[in-house]
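Next come two complexes built around subunit A: one with subunit B, the other with subunit C.
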Partner chain A sequence: MMMGTHQLFKKNETYNGLYAMLLVNRLQMLYFFLIMPNILINPYMIWVLIAVGLLSQLNLLLLSKWLLTRLSSNGYNGFVQLFGKKLVRFLSFIGLFFILLKISVITLGFSEIVQTFILPSTDTNFLVFFILLLCFYVAGRGVEHTIRFVLISFFCTFWMITFFVFFVFPPIAQLSDLYPLIPMEWKVENWKAVFLILSSYSGPEFLVFLGPWLKTNNKTFRYLSYGNALTVVEYVFLFIASLFYFGSNFLSKTQYPIINMGRYLQNPVFERIDIMMLSFLLFNLVFAVSLFLLLFYGASKIAFGKMSKPTSGKGLLFSVFLIFIGMVLVNELFWKSWEKQNFLLNLQIIAGSISYFLVPLVIVLVMKKEGVKKHAST
Partner chain B sequence: MFWKKKQIESKLVTQSIAESELSIEALKKSLTQMDDAEFVEIDISDIRKIHLVYIRTLIDQENLNESIIKPLTNCSKPSIQDCIVNSSIIPNHIFIEAKTKLFSGSVLLFDSSQNLWLAVPLKNPTGRAIETSETETILFGAKDSFSEQVEQNITLIRRRLPIHELKTEKFTVGSMSKTSVVLMYIEGLTNPEFVSTVKEKISEINFDLFFDSSQVAAFLEEHQNSIFPQFQQTDRPDVVAYSLGIGKITLLVDNTPFALVAPITFFHLFQSPEDYINRWVVASFLRIIRYVCFILSVALIPVYVALTTHHYQMIPIQTLLVLVESRSKLPFTPFWEAFIMLIFIEIIKEASLRMPTKTGQTLGVIGGIVIGQAAVEAGFASKVLIVMVGISTIASFLIPNYLMTKANSLIQLMLLVFSSLLGIIGIALGSIAILAHLNSMSSIKQPYLSPVSPFFGKDWVDLFIRGPLVKMLERPEHLKPLKLKRYKTRR
Partner chain C sequence: MLLHKKLCKRLILLFMTFWLSGCAPVTENNLIEEISPVTFLSISKGDKGKLKVSTIMPPLSKENKFVMSQEVSLLKEGVQKYNFNFYQEIKSGQMRMLVISDELGKDGIMSIINVLLTDPDISPRIYLVLVKGNFDEYLESQLDKDENFDYSFYRMLKHYEEKNQGELTVVNLHQFKHLLYTPYSDPFLPVFKIEEDGVNYEGTALFKDDKLVETISSLDERIFQLINNDHYLKVLPIPEFEIVLGHVRSKIIVDIDSSYSTMTYTVNIDTRIEEYRGEKQLFDPQQLENMKKDIETHLEKQTYELVKKMQELKVDPLQLGIQTKRPFSKPMEEKKWIEMFEKMDIKIKYNINIDPLTDANSKRPNL
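== the complex of A and B ==
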């Protein structure tokens, strides 16, 4: 049997801080880090990367406060206790839009990259179909196994950053490429870059829904911070490497700087290391989209008042089917046209920033209002 | 309707026999048309008559005289039980119990003067001697392997683990085959959860025939449709003893030399008994080679198809020239070329298993040289592909677990289809599907991908490498042993 009736959201085991750390890190390393240098451009944006990383740290602090409450481990019932049933339904409805937008942007963005660099003659809808099909399979194993898949995703992707070490050594690296480190002027476009960074750091806010599966204690915030710190290091390192490779002047001219840098790498067996790297990145994409699919399915059950009905594989399949139809439409109507794609990217940049900024904040404020205290460490 | 009535009647008859009082007449009635059923009467005095009932083909006839007849004829004690060593009373004269003992190689004795029924085990010891393992051959280390007799197999394990904590619990499965299954574990070390899980699963078995441990495993596995084995099958007592010693359970099944070991993980399938004999650096190197070979065996041909179908740009120019020249006159697409060759290899592999050893060599020559070379000359396959098929086939033999080797071929074919559709991305998608499947699997309710997912950092010392034995001071954490430390006192 592919999936049992109650299997999708069952809770047999809880996962410790290591998983929380990896969840934070891998959810922050999705699509945007591939295009980020192209929008950051100026070397002084390194400081913004670090500053927003610190801001992200604050969000994680709020997030950990929620995870430490007994309500968070109650899942849906915990949210009902906090917000009330009607408001939870309303928020779930809004959440559907955020999840759908996130899934669409990261999947379509990745599919476009695959089409550009690996399979030029393959239609992106065809790629989206296969990616979603696989995500359905992974999500069909249930939340527990999907969370555990983060380890596989991490082991299959984290080492790739070591390839970029070559770019921070001479002859490629010239220290002058890192100047100016202090901004002489602040342009309007820089604000877009700030929001892009904030949106790139988004993703961990979805952990608020994974409370029942996370083993929380006094060290939870520490582990979340490790994950965030790892992301900061990766972002800064990749940005510096891209500055060394392209220089500020040329960085804005390349659409996918990180992948173009990957094209430069070769070995005696394979000339196009970037193709291998993109294939491995698929592990992370599938993990994240699978998790989002489950959240989408759960949120849609709440939004449409179907919580009394047991979860089922058919229900998840129906959600995946709807998302696929939605993504094909978004692809045809928005993504394939450059200007409209920009609109969608901007929308996700704003939506990601808002969700990352507001979700932990609102929850903690309501917690304060309702007088919810954190429970003893487990 | 008539059939149903007949079935009910037959059930009632069987039930009445099962519940009926044990008597010589009842046994005679039950054992009609059985040429090897023997009913013997021995007069040990004028008033005392002993009836012997046994199945000639099941008992040790040479020992019958020494163990039963002689002691009986010389018996002067009031109860014959005192004269015969190893005899046991059949309580309440239960017919079905007597019959079970009879068919498991016991001689039934009936003392009419005392109305006493006894059973004396006298099983025919005929069986294979202890031989060298053929499926898990090693150069160094113990050479003995299990045979078809479960008692002998227990002896081989007990010799290696002479401790009273090593428990053996016997079960019978198969309504017709009455196969004995012995559960072994070390009390106070093995997690009781494993023992109770297996016991529960065994008690739920409802089937008629069990002739092999893999058939028993099929009823205990949690993922019936998976191509990956969830029990390790081994015929090596040293492997079983080591597994027991680190906190696993073992099932020995009568009439089969293969024991079942659980819980296992995907990584256990890559461990060889020799790993713990070789020096750790060598053992680690060989283990890594095995993992690499597994990847080669499943992915080499799909990568070839992906590169030649979708990504010529990935191949360095010198290699590309060789490849283009090699494929220039082929009538098939890379996928069909590879598919045909892989199916052909599977046919050769299967044929070589079924053929006698001497003709097997001929098969090797025909398959490997004649057909391989002829396929290239006839233009059915490229030289490059023949080399790759050779490498991947040899690589697949490095995996110590035979069941895993079989699973390899299916994974390879699956990746082949994906690679022809989406190239390297297809291989990645296929690999994700396999890993997601493995990630969701379990062996007696324990995660199949431990200690990678879930993560147990300390267990990595015996995962991709085999760390120095002196450093492996703790048993694998993912097996949840009750005693984690492997040493007796604090160091």
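== the complex of A and C ==
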């Protein structure tokens, strides 16, 4: 199972625009979209969803500028050229916390949903353990295979959205559920919703580290945009469907709106469609967490100055183990109590917003300063 | 390669240790022989504010069935008491119906609804039914005659829900909750009455918030089906004119004036005459026209009284308040709407379009 783990970051082939598109889309559809309607609540948030989606488009433009440079395809050395060795070490050290926070929130959030709907008597730590075990396997195959796994993840999860078409037709859909369409008053909670949206769109910033594996050309930005546009459509569609199903008043009371909507669907073969949905969503989670595990391992190697040593399965296992311990701690200390979980969620909302906003921006600014030029690779 | 095999073995060992050491992560036992997935619960008022929870056991295995009922103060406590009493464990995953007694309905059923909503095992599609009379006693009497009474009752509800056939009100948990928690609307439930010949559909129960306030039946009930629930009726008998209208389809236009003082409620109906035992010559266009006018006036009067009743009870199952929502203005508060609704002048207008009698003998033989 661990064949070739000593070549975790080896680069044999590069992936084309389609993969870039799927990467963007699936990294944006991780966990927050499951709880999003519960925080957005008001129908006029549809416009914010679209507006932030456009903003995210700008971010992707910056991102594609970086991906088009020769430096980006050099991986670590590229970053060293840009920032200098010490700064890169420092930044990767900070990055470790961002990755840990992101992995913790999506994995713990997801395992809590699984506990609520599928295995009510199971401790979430066990679920985390099994999820990480799967991710370790996928990550152990190396970056190349993990990126390729996005294809499986996409085809396992994307079709689920078609189920929700049921909710946008009468008798469930009433146009008046979408009123008022413009905000009559702006509350403080609405800002939280805005940041949640921004944070939900985050994820593609991790693509800056995947430069060596992406085949970039002048069409790259177009593909990244397609991925982002797909996400905007999915978000808006799911939000409108949940407004129709729950009504704006009840949305704040339902913790997992999307899964609860899945429970209302009926099928003569499967009664619990929500269980099936969650099981398939696991593919997406495993894909994302595996990618983050590899990034975590890579970043920790850089941060602790072990770049000269070859990558090993043991090293990856050790960092997975560390992450597992960290996650169990986070679970016990924060996630299990409601108020503290909210704190952690807010933290991730802010961290996600910041990282998505700053990473591409800073890189492009530094690039401008250093006078790095685009290269047209084929 | 050797390393990887070793690692693999170690992981499997670790995995096994968890399972064998009793740290098994799954503690629920769902072995089919050992559980009883109940199909319905019947809840009525017990002594001293307690709840009486009953169901038919065992729901699956071919053993003698019996009615089990417990008096408890909390609904889930009832489920626990069943487990203490019977060798199979109760599971609620297959629950299809919740039968609530009308006395309990009058006290409010919010807490029960919340219990159902919280349990992820219970589908939001379970049917809620209100029953007048002693349902438990009826169940006992049915056990010998019709073992699968609960199943046939469920099939009946499912049949009428499926295509909105416009015969009975069928409400599931989600719909009830939606009407309960959405502003400008009040929920309603079907009412069944226990009589000697069985369980009969009586009409629709109107709720104010979560409390039963009124049951509407006969012609009112038919009108309610027509203007709200399904907008379709298979048959609409009007005994006053000795006529039965069939396949009645309705389209509603609600118009509230800008000062919210008058509401014009227009019902456009397409139908055909299904049966007629009166004296009029309905082949004569003039007489048919008269007949139409008579039915229109009659229905207008009845509907007016029905809406008047809703105004007096301050309930809005027709969701008329939604008409006041506008895309670019702040929605008014629900309280304000109810106050306005109470004082509102209601005008009911029926426009009936009747297909003339066809394929029938133009002259009645006894004339």
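Brief remarks follow.
Keep in mind that, in the parts below, the second predicted complex is superposed on the first by the 374 of 378 C-alpha atoms of A that agree within 3 Å, B and C clash if a C-alpha of one lies under 4 Å from a C-alpha of the other, contacts with A are read in each partner's own complex, and residues count from 1 in each chain.
Here, contacts are C-beta pairs under 8 Å (C-beta built on N, C-alpha and C of every residue); 3 or more make two chains touch, one makes a residue touch a chain.
Fair warning: this is a prediction, and the values are worked out from it, not measured in the lab.
After overlaying the two complexes on the shared chain, residue contacts for A:L293 are found with neither subunit B nor subunit C.
By the document's definition of touching, neither partner reaches A:V330: not subunit B, not subunit C. Looking at the shared chain after the overlay, A:E271 reaches both subunit B and subunit C. In the superposed pair of complexes, A:I363 makes contact with neither subunit B nor subunit C. Touch criterion met: A:S176 reaches subunit C, while subunit B stays clear of it.
Of the two partner chains placed by superposition, subunit B and subunit C are both touched by A:T122. Contacts of A:N260 after superposition on the shared chain: subunit C is touched, whereas subunit B is not.
Of the two partner chains, subunit C is the only one that A:L317 touches; subunit B does not reach it. Residues common to the contacts of subunit A with subunit B and with subunit C across the two structures: 119, 122, 127, 266, 271. Interface residues of subunit B facing subunit A in the complex, by the touch rule stated above, are 310-311, 313-316, 421-429, 432-433, 435-436, 439-440, 447, 449, 452-455. Listed in rising order, the residues of subunit A touching subunit C in the complex are 1-3, 5, 116-117, 119-123, 126-127, 133, 171, 174, 176, 178-182, 184-185, 246-247, 249-250, 253, 260, 263-264, 266, 271, 274, 313-314, 317.
In the complex of the two chains, the subunit C residues touching subunit A come out as 1, 3-4, 7-8, 11, 18, 25-28, 120, 123-125, 164, 174, 177-178, 181-183, 322, 325-331. Interface residues of subunit A, counted against subunit B in their complex, comprise 13, 15, 18, 114, 118-119, 122, 127, 130-131, 134, 137-138, 141-142, 145, 148-149, 151-152, 155, 266, 268-272, 275-276, 278-280, 282-283, 286.
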